[in-house]
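First the structure, then my questions, so here it is.
Letters A, B, C and D mark the chains in the order given here, with residues in each chain numbered from 1 onward.
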Amino acid sequence: MNLAVKLPRGLVLKNPVVAASGTFGFGPEYRDLVNIGRLGGVSVKGVSPDPWPGNPPPRVWETPGGLLNSIGLQNHGVEAFCTHDLPYLRETGTAVIVNIIGHTVDEYRRVAERISEEPGVSALEVNISCPNIKHGGISFGHDPDQAYLVTEAVRNATDLPVMVKLSPNVPNPGMIAQAVEGAGADMISAINTLVGLAVDKHRRRPALGGITGGLSGPAVKPVALRVVYEVAQQVKIPIIGMGGITTASDVVEFLMVGAQAVMVGTVTFQYPQRMEEIIEALPDELLSWGFATLDEAVGSALPHKKEGLPHESP
Amino acid sequence: MIQLLQVPIIRREEPAPGHAELWVQSEELAEAKPGQFADVVTQGMLRRPISFSRIDRSNHQVALLLQVVGEGTRWLAAQRPGTTLDVMGPLGKGFSAPDPHRAWCVVGGGVGIPPLLAAVEAWGSQLSSPPTAILGARDQSLILLAEEFSASGCVVAVATDNGTRGHRGTIEEPLREWLGLHPEGQVYACGPTPMLKTVARLTNGRQGVSLALEQRMGCGIGACLACVIPGYVDGAAGYLRVCTDGPVFRAEELIFE
Amino acid sequence: MNLAVKLPRGLVLKNPVVAASGTFGFGPEYRDLVNIGRLGGVSVKGVSPDPWPGNPPPRVWETPGGLLNSIGLQNHGVEAFCTHDLPYLRETGTAVIVNIIGHTVDEYRRVAERISEEPGVSALEVNISCPNIKHGGISFGHDPDQAYLVTEAVRNATDLPVMVKLSPNVPNPGMIAQAVEGAGADMISAINTLVGLAVDKHRRRPALGGITGGLSGPAVKPVALRVVYEVAQQVKIPIIGMGGITTASDVVEFLMVGAQAVMVGTVTFQYPQRMEEIIEALPDELLSWGFATLDEAVGSALPHKKEGLPHESP
Amino acid sequence: MIQLLQVPIIRREEPAPGHAELWVQSEELAEAKPGQFADVVTQGMLRRPISFSRIDRSNHQVALLLQVVGEGTRWLAAQRPGTTLDVMGPLGKGFSAPDPHRAWCVVGGGVGIPPLLAAVEAWGSQLSSPPTAILGARDQSLILLAEEFSASGCVVAVATDNGTRGHRGTIEEPLREWLGLHPEGQVYACGPTPMLKTVARLTNGRQGVSLALEQRMGCGIGACLACVIPGYVDGAAGYLRVCTDGPVFRAEELIFE
């Protein structure tokens, strides 16, 4: 079965399974264990214009069916990324998606511009869940106007395909999706983590150094499917779905509610080769549910299967 | 090289109440250096990092000595010979071989003791003088592997909080004494953070002090930046990864609050 | 250990473990299996002024570590509740909390007034997660102004203690909590369910008859703890925490982040006697974490343990 | 009375591929009526409702016959004698005893067949004429308990979709025929919804038609309103609870879309 996914601005994934941002490092870390060239793509950990130190440890805590993390977007900044990590990544033969972060609209613009100077980048993924320091620390992703402004700035700074990653911590993610679509986003990725907290009863304080953390893993899958289902009916641009995927069967669920491709995060920590296994299993899984092609599955559980989505040929 | 392995348990021992030592057969893991660790699948969402307590390169066997502290270690400790474990490893930077011409002391507390045994078994006999092992625990029943350290030629000093064996108190007194006697001595330590802090304080500025740390991990291979501890990165305060920058650090790399 | 909890307006729970709304029916259903008089209280399933039919089936679907439900607030209306259910409940010796629902501010007011005519009711719990049909179906609980209006209307309609139940599907539940505190709520309960969706791959459609559903169970515990932790620092009124509690250890976590009492829902389906087991186990569990009294635990993981909360003696 | 019980498995049989019948010892469950069910703890978040396939009141034994369709039933089917199950029951309204003076036909499909065996074993011998059992399945290998129905004195008619045994097709033909021959006959049916719809259509208006339904359940005891199906409530269209208003309904109570 042909698993290739054609997305806007000539972005082609050789299959719909992409490593999610933050769980696959900046590229080379998994080289001993994962055949990176086999993946549909890799979204690197969030890259900011200048280095960010991240949060105090501990930074991860297990929860029922899930994982809380408060890495705090530690990264060594866009220059170091371009020098140290990108050269490896662009040789792997996978689609390189650079996840970008900032504290101001201008910071997002700066990273986008810098990355766009580099060859071998396939797309930008804008993580709008960062706190907006000019707006009282409210997340860009929680306010349609701010989400619009960030997307517009990135759009104007690059010709690369731009996907914007939605936060699930809002009553109506579709509203944010429409805002970023209006601002020129080519794609949506969803979902980022839910905000949660764990208690360390021994120390009588929140378990994570960063107090609250982002919840991921199977526990959040129902929320992720709901967001994709809703957004798929509210925008025309393609969606990359994620949240709690651990099997090819999960992938089919995301496709059915309207995702064209997926990202896989938390499960990689336990089973680094799971993404490859999913890619291997996907054709048979699709067939077992009666889908002869990948496209047939996409949106098949939506009230009205979406009309052919606009996408160019590569 | 880091590998994903299915390794059979070939022997299981109970070195202390609430502890189990699992021997597994694996040529790949037997290439490990003392201080490196394995990351093992249990019932939980994440793998569990466990150090090698023995590395028998010629027989292609290693052992994992673990204390039951939660669900994952409870599950692991219940596994029996014949079961296969899903293991990623060997991981991390292990200990460097000690300078054979300088006195050497290993300081271990609780399940920090096992990786030091692997170190002593690897290098103890190559030293010009026998190493010293200072082992601490709450109670004598929890002093792990003391006989094995003796058998490897160590001078063993034990400290128990309740005085049921050896010195009453922490490893501080015995270590201070040893440091006084061996101004050039090198120290390898592994155990609870307060213990490591004590070692760092007592050895302040000394060369050749190696500390093995623990931190909650995500990926185990340097990708997620979960397992950090405060330390010096290119000379400035920042975060070091226990899984790949460590778990063994030189004392001067670390910042203890 | 004395487990009694004193709450505003003379509400006293004999212990901090209350059956959550919607998982314990209207009162009599569990009589064969549960010693209801042993519970700290029972919050009944949502009661509306007129009968509500609920959603088409299926209405529940299991998810990793969680449960999705789309009951759709089926109930036989406040009159039938007062005639059929309340007489049994008020004899059980437990605190009877009536969860009230409406589609308009006026509907909430009507139920509150009607219930207040009845003896043997200990408190009202206002479920503000209902869609507001006069405001485009947006949930009352997603808008501080609407949450204020509902609370104010209920407050003016009753002298009973009023608790308002927060939705977790907003970026800042503390803002809603402050609004309802300002409108005269005596207590907060939190959290209601997260909005999720499951896919029925056989039928190629959302699994639940109501399309989306409410996610509950252990999967949501981190989100619930986060909401309680945040709200506890933003309001002065007491909080009843819930979301994924299955053990006495979980209860201690909710107490530590500032809840004075808890509700237990989903786990009751599998283990109907779990609430009683938790009550039994709670004193030893508290002692094992170094708390000599229930009060010592409350708020002990907050940045600054809250000063003595205002509560009257019964 | 509904009870929470720990009941030991005393026997396990495999009546068909992918099926298991678990006999458990329980005085309380053996008080059940045919058509009632047990709600069993498995690895999942919710209990699993399973009907009684046999009710042996004198020996205090009941059996649960289940088909493996997912994780919960897979776990259950793997349990062996000696294991204890955590069971809530007996639950729901069972079948009423049939009128002994009228002809009686039970119509079952798949795992709808087992509770009908319990009914036939309870009441079959009290009837003036032997009951008829119409059993449907995809393939002959999936026709459950046909011999047991015969042994209980039933006239057995089998329908298989692929014609490997008995009538080729659904139960529709055999049932239509039986209804023609027995204008006063009473029908008890249990099986997949399309089958029950057919039974309702063919028996339209007839008295004494009982249908046993399935629906996803939360509490199993009437509290959560999860398990509803469309039907008449006080004469108006509304929702009935399978767990407590059913699982056995009179056909005229139900609304089939």
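One rule holds for everything that comes next: a residue touches a chain if its C-beta (ideal position, glycine included) is under 8 Å from a C-beta of that chain, and two chains touch if they have at least 3 such contacts.
As the structure is a computational prediction, the values presented were derived from the model and not from experiment.
Traced through touching neighbours, the fewest hops from chain B to chain D number 3. In this assembly, D is the chain whose CA centroid lies farthest from the centroid of chain B.
Mean C-alpha position of chain B lies 48 Å from that of chain C.
Separating the CA-averaged centres of chain A and chain B is a span of 37 Å. For chain D, the set of residues touching two or more other chains is empty.
Touching two or more other chains at once are residues 65-66, 217 of chain C.
With chains as nodes and touching pairs as edges, the resulting graph is an open line.
Here, these are the chain pairs in contact: A-B, A-C, C-D. Residues 22-26, 29-30, 32-33, 45, 53-54, 56-62, 65-67, 69, 71, 74, 217, 266, 268-273 of chain A are the ones touching chain B in the complex. Residues of chain A touching chain C in their complex: 63-66, 68, 138-139, 142, 167, 169-171, 194-201, 204-206, 211-213, 215, 217-223, 225-226, 229, 244, 249, 252-253, 256-257, 289, 300-301.
By the touch criterion given at the top, residues 1-4, 41, 44-47, 88, 215-230, 238-239 of chain B touch chain A in their complex.
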